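Two complexes, one shared chain (subunit A), two partners (subunit B, subunit C).
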Partner chain A sequence: MPIKSPFHQRTSQFCQSMNWKDWAGYYAVVSYDTNHEQEYFAYRHAAGLMDVTPLFKYEVTGPDSLHLLSRIMAKDINKVKQGQVTYCCWCDDDGKILDDGTVSCLSQDHYRVTSAEPVFHWFHQNARSLKVTIEDITSRFGILALQGPLSREILTHAAGGDIASLGFFKLIDSTIDNRRVTITRTGYTGDLGYEIWCENNDALVVYDAVMESGKNYQLIPAGLAALDVARIEAGFIMNGVDYFSANHCVINSRKSTPFELNLGWSVNLNRDSFIGQQALKKEKKEGSLWQFVGLEYDWDAYEKIFANFDLPPQTPAQAWRTAVPVYNKNGKQIGRATSGAWSPILKKNLALASIKTGNFTMGDTLHIEVTAEYERQLCPVTVCKPMFFNPDRKRD
Partner chain B sequence: MPFDVVVIGGGVNALTAASYLAKAGRKVTIVCPTDQIGGLCSRHEFYPGFTSPGILYDTSMFRSWVVDELGLKDHGLTYAKSTKTLAFGKDQHIILSEHIDETAEEIAKVSSSDAKNYKEMKAFYGKISGPIIQFLNTIPADIVDPQSSDLWSLFKRGFQLRKLGKKDMLEVLRLAPMAVYDWLDEWFENDGLKAALALLAVTESYSGPWSPGTNANLLIQQVSRGSSVKGDGLALVSALEKAAKSFGAHFETKAKVSAIQPGKGVDLEDNSFIEAKTIVAACGPKNVFLEMMDARHLSNTFEQRVTKFRTRGLCSQLLLAVNKAPSLVGNGEANRILIAEDLDSIERAFDPIKYDEVTSHPCLEIYLPSQEHNDLAPTGQAVISVLIHYTPYSLKGGWTGEAREKLCDNVIETLDNKIPGIKQSIVGKELLTPQDIQERYDLSGGQLCEGEHALDQLLVRPTPECSQYKTPFDGLYLCSGGSFPGGGLTGAPGALAVKMVLRK
Partner chain C sequence: MIKFVSKPKTSSYDAVIVGGGHNGLVCAAYLAKAGKKVLVVEKRPLVGGAAVSEQIAPGFIFSTFSYVVSLFRPHIIRQLNLVKHGLQIIPMETTYNPIPGDKGLVRWADAGRTRHEIARFSQKDASLYSEFGLAMGRLSRFTKNIIDTTAPQPASLNPKELFKLLKMGKIFKNFDGNMRYLNVKLMTMSAIDFLQEWFESEPLLPSMAGSGIIGTFMGIRSPGTAYVLLHHYMGEIDGAYRAWGFSIGGTGQISLACAKSALSFGAEIITDAAVDHIDIKNGRARGIVLENGDDIKAGTVISCLDPNRTFLKMVGEHELSENFITQIKRYKNRGSSGKVNLALSRLPNFRDGRPGQHHLKGDITIAPTIDYVERAYDEAKYGEYSKRPFLNIVIPSLSDPSVAPPGKHVLSAFVQYAPYNIKEGADKWPDKREAFGNAVIDTIEEYCPDIRSCIIHKQIISPWDIEKMTGLTEGNIFQGELSLEQLAFLRPVAEWSRYRTPISKLWMCGSGTHPGGGLMGAPGELAAKTMLTEGGV
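Here is the complex of A and B:
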């Protein structure tokens, strides 16, 4: 049975739909209303407040903290300065991705790591002989994600300190209603947004204070369904959906590397040794088997597929995550789309996909499987970079 | 001044490797962590006027081809005519030696059928020894990235085994994974004889005579044993040291390696650096990879494999300074003594260490070095080295003064039972528990073989990527007892590793 997050008393009060799911062992709201649309628009036009406590959270402390993280992460954590957060992934010896998450540098011997899966064992295994303490703090801290274009105003109102000048992927220690919090300018919506870490005991006070500050800014609690649409628009991959951790793959072909997931930018190859370095260097030299791309459906063709059955075009009500095949123009399968959604803000049908290298170039037209009236059809899609929505306000 | 090769360690394998390398024209330096060369056969004064001969003494498995190839006889090595072991059973003793007929006559005093079977068993070992000795004296096949030569070598070995004939081949395949208890029970009736044969086969691994796979150790020992070096371990080390020096090897003592930089050299604890493109490590694999190397250079898979290599020490040494040489039965010719009543008593001595406890009835392996080395003790007095089987590395409650005294008392009592008067003659003693052995000799876990001789750790030793003495790091080789074919004074890992180094 899932457990309750420290915000549960509030989230359950707002969750009129009773639409819950189990996220990493916690009760998590899929959508507060029966439809997630309003929550989605809150993320994009005002602000949404989401309980992201179920993220796995670890604290790494001690003089060798940096040593450990630099051994594990594909990104060079040496470059991460105090007060900075970084997005990174980590791999096994074969360069196959295990998980992705963030690393926050609170000081040179104090880091926090978030991940989609439990990683204590992996960290511990690689910490032998290092002077470092790894603590699973998942159940000690609650995290609220305050996301949307008005999040800065709301948080400036709610929290002490200089929120207005807090840069993208930076963190500060602050207070909300006299409770100590750590605020990071991070999120999973691809928009302006913040994440607020607080101790469990302070969770409800912090939640109430943020909601109170958001009263004049149309802040509403928002759930996972709206987030899923937003993250696809932003082109953010998801462990277990767009890729599988090498830990869980029975066959090699199901494993992925950072380069294959368009995360090459987060890999620093030429530095001191890290796990998977040799394999990744080899891949960099020889090329990757797969490429991670965005696909935009040809709307006219999509409409036509349904029109043939005298139906209006049916866009999925929620983001989907059951992979579908992608074909080249000769009908040969060259990849799979792993998740997708109708983007209300872009008015486009979108998908994220892994396509075999050498079968396409950006801008090409490929074909994706669409089911209309129980029949499999092919719809043309245009290949693009996996980032459909990237407003300036995210970084400004 | 750069060297071609730096050999880390100071024991028999280090000296063997250095000698071979120097002989092959390489500029070699040995960095020995202590002030005395010899590793587990090095001296230290444990009581004023009394010097320990080290822990290992049995040279009967030191490879004769190494003696020949290094010309060790030119450096003072001679073989003992006979090495006698006095084996105490419950109410009896048998004197064992490498001479089969002589031993059979001794056994006949307690059992005529065992005497007959002893000869038969020895004949059987003689018959099957060829392919096994060859196997033990060959670089193992590469199982990680096998080349055609590896497959050919595997095929050849299989074929040699097949050449024994179907009956003997099947018997070899049957006996290797057996428990030594079952095997000896098939041959003999006398408990003391069985215990004497089994004791040395089970004490290198975390096992008792009832444990499966222990018979492989007995097999290896039985086919590998030959004549002992006169003067045992100390004399072997002295000949090897002279040989290494004669070939031009350089020695650096009191030089503790703090870090290995593969392909470049080694850092010493005094902050100096020895430059050498090739590093041959005669210290245990765990010391090499988990202590001397930066963890970041190790892949996770490899590090886990090294970590899992089992190195639990299970034997302590009690050094006794006695004011008169012990008087032994059998004309006092034996310079080694075994005390184990029967197979079950060995198993009972083993049982408690699984729970970090220690037996009150230990089995003992005793060596009297002063017979050959009169400089170890003042005239008329003697040194006795007692290996105590079994003792755990981490004793429940810790190796407190009280726990140590209790163990010493039990050992001395057991000794005094078999060799009356010994208790009164003790003037000084030193006990080395597995923890002390780890500390003094830099042995992971205090494991005398640098890795347990369990079946799974004998064939692929210490890890698949290092089973051929080379490592995942260019220019770094292993040659300790933690490599094939295992620990003990055999010289084989040292000699075979060099063949691999020179092959490159």
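Here is the complex of A and C:
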């Protein structure tokens, strides 16, 4: 049985649809309404408030904190200054990715890490002989993600401190209705947004205060279904969907490396040693087997596939995550699309995919499997960078 | 923001488009994309025509005229990169019919919830509602085919034309007997008669029938209005068939996105530049002359103005045959609608006992009974505006907070009937405007008693004002009624439904051409594509 997050009293009150799922052992709202559309548009045009408490959260403290994190992370955490947050991934000795998440630097000996999966053991194992304390704080803190173009206004009203000038991937300690919170300018929607950390006991007070100041900005509670569409538009990968943690892979070919997932930008190779460094250096030199790309369906062709059955084009109502094969123009399978969605604001059908290196270049046309009237069909797709939507306001 | 200038860079173009309505801009974008040197000439300081967003009071942005989007063609959005140029549409989820002292009727996106709502008024109607939607959905596929292609020419012997007719015939043939009858009924009946074959209760009936009369000078009991209902089931947002949506930033954002797209392909746009007439010699258009006397040469002139203004004012009767002139004069422009835009200090209270604001996010239709709507029409027939009009209200700030200051709102009321030809004469509208606005606010007050205390600013637009501001003849919102005898191969007149005109090198691209009015961009697109394939430019 999943457990209730510290915001459950409120989220359950708003969740008219009773549409819940189990997210890392917590009850999480899929959509508050019978469909997720309003919530999606709130993320893009106003603001949505989401309970992201189920993220795994760790506190790393002590003089060797930095040492530990730069040993584990593929990114050079030495570069992360106090008050900064960074997105990063970490690998096993073979350079195969284990998970991705964020590291926040509260001070030089105090960090917070979020992850999709439990990492306590991995961190602990690598901390031997270091002066650090690793604490699983998952069940001590609640996190709210406030995402959308109006999130800054809402938070400026709700929270103390200078929210207006809080930069992209920066954090501040603040208060909301006299409760202590940490606010990071981060999120998973690819839009302007913030995440608010608070102690469990303060959760409801903080939730109410944010909702109250969101009243004039059309803030609504939003769920995972809407988030899934937003994160695909933003091209954000998901552990367990677009790649599998090496821990879970029975066969080697299932594993991925940061370079193969288009996360090369988050790998700093030339520095003190970190886990997977040798393998990643080698891969960098010799090239990667796979590339992570975006695919845009040729909509006219897509419509035609359905028109051949005298049907209007059908797109799944929700983002999908059952992988489908991708072929080159000769009909040879060269990869797989791992998740996708119809983008309501881009008016495009999108997918994220892993394609074998050497079989394509950006802008090429490949073919993806589409099922129409129970029959398998091929639809042309254009290969592009895996970032379909990237508004200036995200960073401004 | 883009700044427009009012002087063209050169004095000669491949194509000059008269009027920067959204169709003119779409047409310009397609032609420029094909490498043509294009100039759009707009008389107002801003582009968009009947699709403009204007700041009427500080911080309040109104969609001055058109206020919701339904049929904008998704392929145009893709082909012209309109999203990149700022176009975003949010679907509207609800339709609300308030009734004083009652909860009223809300139709939600959620079918089950809608059924429960309708069942409060009639169990039978609740049961039939979704089946009706399915039947209409099937029929509208037939119609959708029509709006995405140029009008078929039934009198033509060209195999392509015959094929097009055949294709439609095939869809029609695939309908079973019932569907075919339904189609014929739609073409001939009044909205109310047609709906009464299915439903029995108010306010469901008048509210559904309302969509059959928008933009027409007909009542819900007038034959032919049933067909327009179908348009509601044809709306297509995100590839899915759905009713209506809001354009973020108001409907002007649609025009701006089209303008930016056209500019990105190299088109030029000038504003504050009214065209006086089209320069014609020996039956051939050669360019335009501006009101300031400047003349601009063009290989082809394309008019985005309505047929009446294009031929009777821009071309001149002396250039055209008597038969053609008669047909243009017969083409119905009867303006019948007005608009009241309100800036509100807070959300008015509908006193319906419904919690929250969700049910106010879509459109709010004031049409409590069949007689109410028909009575509103009765007054119009005799040259008066309705004292208790049919209203289609939206509060877009509930979905798009960017159009009003925090906590404040914009309310747009589309009003029918406001006949252009009031019995005192159309030019007496300025004297009647205030009283007309008051009748609308009085009507809203019956549902929201506190409405007057919420109003910070109001803008009242009569059909006479629509004509003055946009050039739409008689203020007809669709550049001519969308009645059956003025659609498809009959729009604007028989033989001239393919964007061509009797004047060589003069083409049309506005809502007065197939497939007609509304924010869809289709006339502009189809005109451009026809010109490009038929050597028109």
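The criterion applied here is as follows: the second predicted complex is superposed on the first by the 396 of 396 C-alpha atoms of A that agree within 3 Å, B and C clash if a C-alpha of one lies under 4 Å from a C-alpha of the other, contacts with A are read in each partner's own complex, and residues count from 1 in each chain.
Going forward, a residue touches a chain if its C-beta (ideal position, glycine included) is under 8 Å from a C-beta of that chain, and two chains touch if they have at least 3 such contacts.
Just so you know, these numbers come straight off a predicted model, no measurement behind them.
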Inset, instruction - Return fit or clash for subunit B versus subunit C, each positioned on subunit A through the superposition. - result: fit
Legend entry - Dominant contact partner of subunit A by residue count, subunit C or subunit B: C
Inset, instruction - Tell me which partner A:W299 touches in the superposition: subunit B (first), subunit C (second), both or neither. - result: second
Inset, instruction - Name the contact category of A:K348: first (subunit B only), second (subunit C only), both, or neither. - result: second
Legend entry - Spatial angle subunit C-subunit A-subunit B, Cα centroids [nearest 10 degrees]: 170
Legend entry - Partner chain in contact with A:S273 - subunit B first, subunit C second, else both or neither: first
Inset, instruction - With the two complexes superposed on chain A, say which partner A:R71 touches: subunit B (first), subunit C (second), both, or neither. - result: first
Legend entry - Touched partner set for A:E37, first subunit B, second subunit C, both or neither: second
Inset, instruction - Considering only the touch criterion stated at the top, classify A:E212 as touching first (subunit B), second (subunit C), both, or neither. - result: neither
Inset, instruction - Give one of first, second, both or neither to describe whether A:E153 is in contact with subunit B, with subunit C, with both, or with none. - result: second
Inset, instruction - Quote the smallest CA-to-CA distance from subunit B to subunit C in the superposed model, rounded to whole Å. - result: 47
Legend entry - Touching both subunit C and subunit B, counted on subunit A across the two superposed complexes: none
Inset, instruction - Sort out for me which residues of subunit C touch subunit A in the complex. - result: 74-75, 77-78, 83, 88, 90-91, 93, 109-110, 112-113, 141, 174, 237-241, 248, 398-402, 406-407
Inset, instruction - Going by the contact rule at the top, pick out the subunit A residues touching subunit C in the complex. - result: 33-35, 37-38, 41, 44-46, 149-150, 153, 215-218, 299-300, 310, 312-313, 315, 342, 344-348
Inset, instruction - Write out the stretch or stretches of subunit A touching subunit B in their complex. - result: 67, 70-71, 92-93, 125-126, 128-130, 272-275, 278
Legend entry - Partner subunit A, residues of subunit B touching it in the complex: 290-291, 294-297, 299-304, 307
